[in-house]
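Order of writing sets the chain letters: A, B, C, D, E and F. Residues in each chain are counted from 1.
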Amino acid sequence: MSPLDFNLNDYSEIPYAVYSDEDLYKKEQAQVFQGRTWNFLALEIELPKPGDFKTMFVGDTPVIVIRDSNGNINAMVNRCAHRGNLVCIEDHGNVEHLTCVYHNWTYDLEGNLSSIAFEKGIQGEGGMAADFDKSCHALEKLSVETHCGLVFGSFSENMPSLIEYFGPEMCRNIERLLGRKIELLGRFQHGLDGNWKLYMENVRDTYHASLLHSFMTTFRLNRLSMKGAVEVSEGGLHHLTYSIRTQDNDQGQYNAREIRASKDDYTLNSPELLESWPEFECGTTLAIQSLFPNFSIQQLSNVLTLRLIVPKGPHKSELTWWVLGAAEDTPEQRAMRIRQSNLIGPGGYIAMEDGAVVGWVQRGVKGAEKKKSVLAMGGRDIERKSNSRCNELAVRGFWQGWHNLLEG
Amino acid sequence: MPDILDPISVDPALLQRIDMLNRQYGHTIDEDLLEEWPKFFIEEARYMITTQQNYQANMPVGLILCENRGMMEDRVSALRIANLYEPHGYRHLIDLPIVISKSEQEIMAQTSFACFRTVQGSAPEIFCTGKYLDRIVDDGQFLQFKERVVVCDSERIDTLIVIPL
Amino acid sequence: MSPLDFNLNDYSEIPYAVYSDEDLYKKEQAQVFQGRTWNFLALEIELPKPGDFKTMFVGDTPVIVIRDSNGNINAMVNRCAHRGNLVCIEDHGNVEHLTCVYHNWTYDLEGNLSSIAFEKGIQGEGGMAADFDKSCHALEKLSVETHCGLVFGSFSENMPSLIEYFGPEMCRNIERLLGRKIELLGRFQHGLDGNWKLYMENVRDTYHASLLHSFMTTFRLNRLSMKGAVEVSEGGLHHLTYSIRTQDNDQGQYNAREIRASKDDYTLNSPELLESWPEFECGTTLAIQSLFPNFSIQQLSNVLTLRLIVPKGPHKSELTWWVLGAAEDTPEQRAMRIRQSNLIGPGGYIAMEDGAVVGWVQRGVKGAEKKKSVLAMGGRDIERKSNSRCNELAVRGFWQGWHNLLEG
Amino acid sequence: MPDILDPISVDPALLQRIDMLNRQYGHTIDEDLLEEWPKFFIEEARYMITTQQNYQANMPVGLILCENRGMMEDRVSALRIANLYEPHGYRHLIDLPIVISKSEQEIMAQTSFACFRTVQGSAPEIFCTGKYLDRIVDDGQFLQFKERVVVCDSERIDTLIVIPL
Amino acid sequence: MPDILDPISVDPALLQRIDMLNRQYGHTIDEDLLEEWPKFFIEEARYMITTQQNYQANMPVGLILCENRGMMEDRVSALRIANLYEPHGYRHLIDLPIVISKSEQEIMAQTSFACFRTVQGSAPEIFCTGKYLDRIVDDGQFLQFKERVVVCDSERIDTLIVIPL
Amino acid sequence: MSPLDFNLNDYSEIPYAVYSDEDLYKKEQAQVFQGRTWNFLALEIELPKPGDFKTMFVGDTPVIVIRDSNGNINAMVNRCAHRGNLVCIEDHGNVEHLTCVYHNWTYDLEGNLSSIAFEKGIQGEGGMAADFDKSCHALEKLSVETHCGLVFGSFSENMPSLIEYFGPEMCRNIERLLGRKIELLGRFQHGLDGNWKLYMENVRDTYHASLLHSFMTTFRLNRLSMKGAVEVSEGGLHHLTYSIRTQDNDQGQYNAREIRASKDDYTLNSPELLESWPEFECGTTLAIQSLFPNFSIQQLSNVLTLRLIVPKGPHKSELTWWVLGAAEDTPEQRAMRIRQSNLIGPGGYIAMEDGAVVGWVQRGVKGAEKKKSVLAMGGRDIERKSNSRCNELAVRGFWQGWHNLLEG
């Protein structure tokens, strides 16, 4: 069975080999990460000044993101056009130009090769081959676009604009959360022992949250009985789900005897942890959005986070968390965000199980390379929207988008 | 003469008391006596786990933040009742403390540590290395933490962190 | 040369590639561990009560072994039928039913899917696809049989019974050692830096014991000059070797000048280490048995041990040791077993070299993927029995059994 | 007041003697002075290496068991003469002791440790982390072990264990 | 009676001073106060990093050799100005010292250590384990190294060594 | 694109896949390391007495180098002819004969199988198969030749002699440096996170030294403006470059503003580090020589070093350094060599960057498996000699030699 042997007419059964196959991993790098996708690169506020740069990965390719003297943000592969050395060694900093330490080849902040050490040789001897044309040896450039302070890049040219790529529903949520002056409250790395797609499935899995995360269920941060919805964008690529805590039509579905995750007995000594304020008119208390392929934006009460999951081979991945606040926050609001941040990250009351389950599934599917998972909750189709979150709609959407790119 | 050789002179007895505090602290965690863990802190103490990168950048958000002893007790009860994770334990090696300053009100100390994690069925591994930045109060009889900031050398945490460091 | 290019008419030359080839490793998982074999799972006494479970591996597939309310022991793959999560996270425990933490799917102790969270959705929305049939989504089950308190499982149906699979000679030794009430004295894991088959060869290698293990030779725990025999079962699958220390026809073959392992000069300050009692009428003082593919039972004086060697990729494996006693032991006898246990395990006076040599051979055969080892001691045939143990009969048998399964 | 902060009070001089004993113990092993190793024990002492799992389950069989000093000497002579293994050495980091109890007859102490192994030609690796559970006797002049149980955090040993921990 | 149990008796206060010296030494390196590092040595001190193999074979060449404090200062300035390497830091765990000998002129001590390295963006790793072989002079007020030989257990160094151990 | 898709007519563009392709790695073991090459094995002085041996690797195959009773140095694969166990466990020592610990098979110091334990069995039973011929089961032997105290071995028979293989220019430098009584001052291992060929390119890269190594440039140990040359032997296999510090035709090419590596501001507190004496009449102050495939000899001022870079899979390698002195050295000269040794090794003021850059390039070329590096400095041809070192001549030569062997 090929790792791409999906059901012909739907994405409700996924071959487990997609999480471990080596050749598929290579193909995925080319077709998904270096293919027709917009990949999250950075927050604009991470690069405030001209010359500010950071390094990161698109798929497993090393990339530099840098602000040039015109204030534009550019991105290029962190690989010298000469012999492939990393041009930036530090993971962030500020430079006037990009100089590769190996042979001092120098690039401008757009990635163009501006000078070659001893290009004309020394004392008339040596120097670059006559037929060598500097202008053909820039750093490999990515297309770059930004929206609401989020910087995205693509290896493909003539991509649709970000706005088109995301579509109006997705943009609306981005603007709702980030369409204001934001500030960075913290950032950390999180190593996961599983394939990156297991994490994206988890992000898009509206079915699991209240079942896996006791803390979420017990303190009614999110239950499927609450008012909410899930939306999937054209072709399945992106998703958005949200719920409103204050409108819970609970009819005892979360009976503690049947649902492991509801703990009647459990209370907090310091409930101020959960203190929050109604930040948004819409009343949304939980919103999780994924932007294909590997980026996610989350509002949980007043904690705003971004997550990027980067593959490190088929069996490992690395997650970066950004925790955000708003410049307009009052001291009290800022304090609430900071306190609520106990819910997310590798030590988060809620998020910690998502990191663990990625590793558990990776181990569970060992020896199942010829078997399939089943995504039949909420049927097998991929509607564009459902007012129920009791389904795997958005996960099926992910596979549709992924599969089309891979075969495309 | 280099003052680096001349750390603020501290009464050896005090040094030993701080050391004993760290010793008991590591023991309590490694032996899974976590219900005792909050008792190392005064009621309104602050406990934070963060990374060197966030610490240096003055980022207010780290990995874990408790603003009082109640929030520490909640961390322990959640770990017992609410959270899911694979069985694992720590082994702390805690260096001897360096006293940074000492006043009537408090002692500021810094201590290096390494924490090894053994997950059920696996070999021991380095989970974390870093330093404790402490503000310690002395009621004459006992030493307790008014603040303990755990600064991890790496900005990367593997899988999850549920047991306090 | 293919890694399966054996001599046509015998198994006296083994291509070294069998220890490192990646594709072969995958094929081995399917044909050997998930094929027509009985794999050791557990001791019955490890699961005394209904609901007691343990997790382990058959090949590299994670498996749950559990005692149900009828007292029967069942085994199923530790992989949720929904999306592959490990159903049991703890390596042992007691449960009323098996609940997957990811989405709360619940299975009975036979592995049947008994309930799905929100199967019918919530408030009439969501829920499982209409065509979804719970009864078709049980955990993958293994056939299970037990003999003398040993529990075995197979991925194949209509396997011959354990008794037939092992055959009478093999069963006789199992019954001799374990046909009574036994107790567990200790258990530990042992990581080896080599392919699992190198360890099984070692277990079946009657030629090496007195040559590699000085301790064994010096204290005459086992020498080839002692009365003994080696038996190989039909098709080579299993083996049994035994010897009787008290009947040594030593004619100076173990001249210390020629045999590195004999140390005339070496004595013990505390010989009580070796104190033993004649536990068996037959007089057997050493018995080593291997049950295909990767299980072994051993009696060394009064130390009774079980060993299971599990592959962790082509180049690594993990060994579990169980050390056993008999319920009927007197305190003195129990003390002797415990003291003698210094002979076995990763710190065992005798066993430690077997762990080391597996790693040494793995490193030795690097770069020899096109070469072969030679197993010509005691000829090249595979007789069913020999009264000499100065041969590699049982090792050739292993390869015969393994090769037939792989090609079968 | 939490007694966790108030370990049984021990004369600092004794603490230091126990610490020195552990220091010398680690030094003796790491410097390959193994013939000296049994001398840290009284004649009828018990030395056992086991795992946390076996220890908690009260399993009588561990990895290594010596019921008197002679059996320890045999471990050393076997390691020199009889057993085969790749050349390797340890590096112990031994924490400071926690005294669990103290009587006329003996001191019971617990100490965390990490043991790193360097196999010839390879990089150092974590071989084992765990705790020493000790019963120590004091003849007024010297401290010696009446019992040392080495409890490894992991149930897994890599390749072999021939040098005592 | 085994003298292994009876290390050369040292005044506890001196032991503590040596320990404090090592503590400050590790602190200075781990906190990247490297300009202070040479001050732990007297002007004509010798600092050498070598491997156990070279040390035992009496090889004069190791990994790093400074024959006076100036050469140590050059190591620091090169690391700041001249040399290129990926950002990384150490975390030292330094055991307590064992005093080998003591005379009017100097104290000879040996101390085990482990040094963990955290490279930017990566998890902490064991960089090196080994021992310090020290000759220490006491001007009555301060202790300083007349010689510190760092003997690494492994003969293998990963990638590069630019920060002193 | 195949990893061997070079430009047809030159070696000025190298497919990045040569650093990571798994199949290529296997082919390289066979065609390069076990092919028609002379591989450095040891220094004669490492094995002064009969019976002295050391173990090392040719490619990734374990090898024993040993001096026999006639004083000849022999080399054989460290793999028992019986079942592949490492014959030598220690990395060096002295033995009378080679005995495999597993079954006590014994070999003489030439690698011939001299005795088999229980070859005739015991009490007339067992023993080796009648058709087994000891003389056909020696350890796999390498051809061995020595020159100036350097011992080389080859898996190929009827190789040209060392002298022919190296050619006169290469031999002249070997003799200049090592044609006298030498002594070993130190040796260490150095782990690199990159493919071994990246290191050999670096060794042969006359273009990088003064640009990467600030220390070298700042203290004018080597600049391209100094008198010097680079020579490449027939077919590109070996190379030699040298320069004379005292003849620097500096015309401001190393302007600190343009060349990162020149640091006007930087001086030493203890310049004695660089104290040296004119050791060679020719005045050479820097000489770097590579002997194909993976060996290098270097003179830097008065530091004499040998380097062998051994592959550990496509992505890792291990470097061994030997630091040498001359028996005739005065104490002052010896002290200078020792002090200057601060320049080399993993902690060397100059060498440390070479170790780092190998890892950086390996990471930089991730995701570039279909792209190429460019080696066009100094044109694209491979002349046999150039008086300029401002070129990548010797690197192109390496690829020519490597490619011919691989395809050969």
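Following the convention adopted for this analysis, a residue touches a chain if its C-beta (ideal position, glycine included) is under 8 Å from a C-beta of that chain, and two chains touch if they have at least 3 such contacts.
Because the structure is a prediction, the values reported are computed rather than measured.
Annotation of chain C and chain F: jointly contacted by A, D, touch as defined at the top. Separation of chain B from chain F in touch steps, taking the shortest path, is 2. Interface comparison, E-F versus D-F: the pair with the greater number of contacting C-beta pairs is E-F. With every chain reduced to the mean of its CA atoms, the largest distance from chain D is reached by A. At the interface between chain B and chain D, under half of the residue numbers involved are used by both copies, so each side presents largely different positions.
Farthest chain from chain E (centres taken as the mean of C-alpha atoms): C.
One simple way to say how far apart two chains are is to compare their mean CA positions; for chain A and chain D this gives 48 Å. Measuring from the averaged C-alpha position of chain C to that of chain D gives a distance of 32 Å. Measuring from the averaged C-alpha position of chain D to that of chain E gives a distance of 26 Å. Chain contacts: chain C has residues 89, 101, 189, 191, 212, 353, 360 touching two or more partner chains.
Multi-chain contact residues of chain B (touching two or more other chains) are listed as 84, 86, 93, 114, 121, 123, 126, 154-156, 158. Contact between chains, using the touch rule, shows up for A-B, A-C, A-E, A-F, B-C, B-D, B-E, C-D, C-F, D-E, D-F, E-F.
Taken together, the chain C residues at the contact with chain A in this complex read 26, 29, 34, 59-62, 77-87, 89, 99, 101-104, 115, 117-118, 121-123, 125-132, 137. Within the complex, the chain B residues that touch chain A are 49-51, 53-54, 59-65, 67-68, 70-71, 73-74, 77-78, 81-86, 154-162. Chain A meets chain C in the complex at residues 12, 16, 201, 207-208, 211-212, 224-225, 249, 251, 253, 258-261, 353, 357, 360-361, 363-369, 373-380, 386-391.
Listing the residues of chain B that touch chain C in their complex gives 84, 86-87, 120-121, 123. Chain D meets chain E in the complex at residues 13, 16, 19-21, 23-24, 26-28, 30, 33, 36, 39-40, 89, 91-94, 114, 116, 118, 121-126, 141-144.
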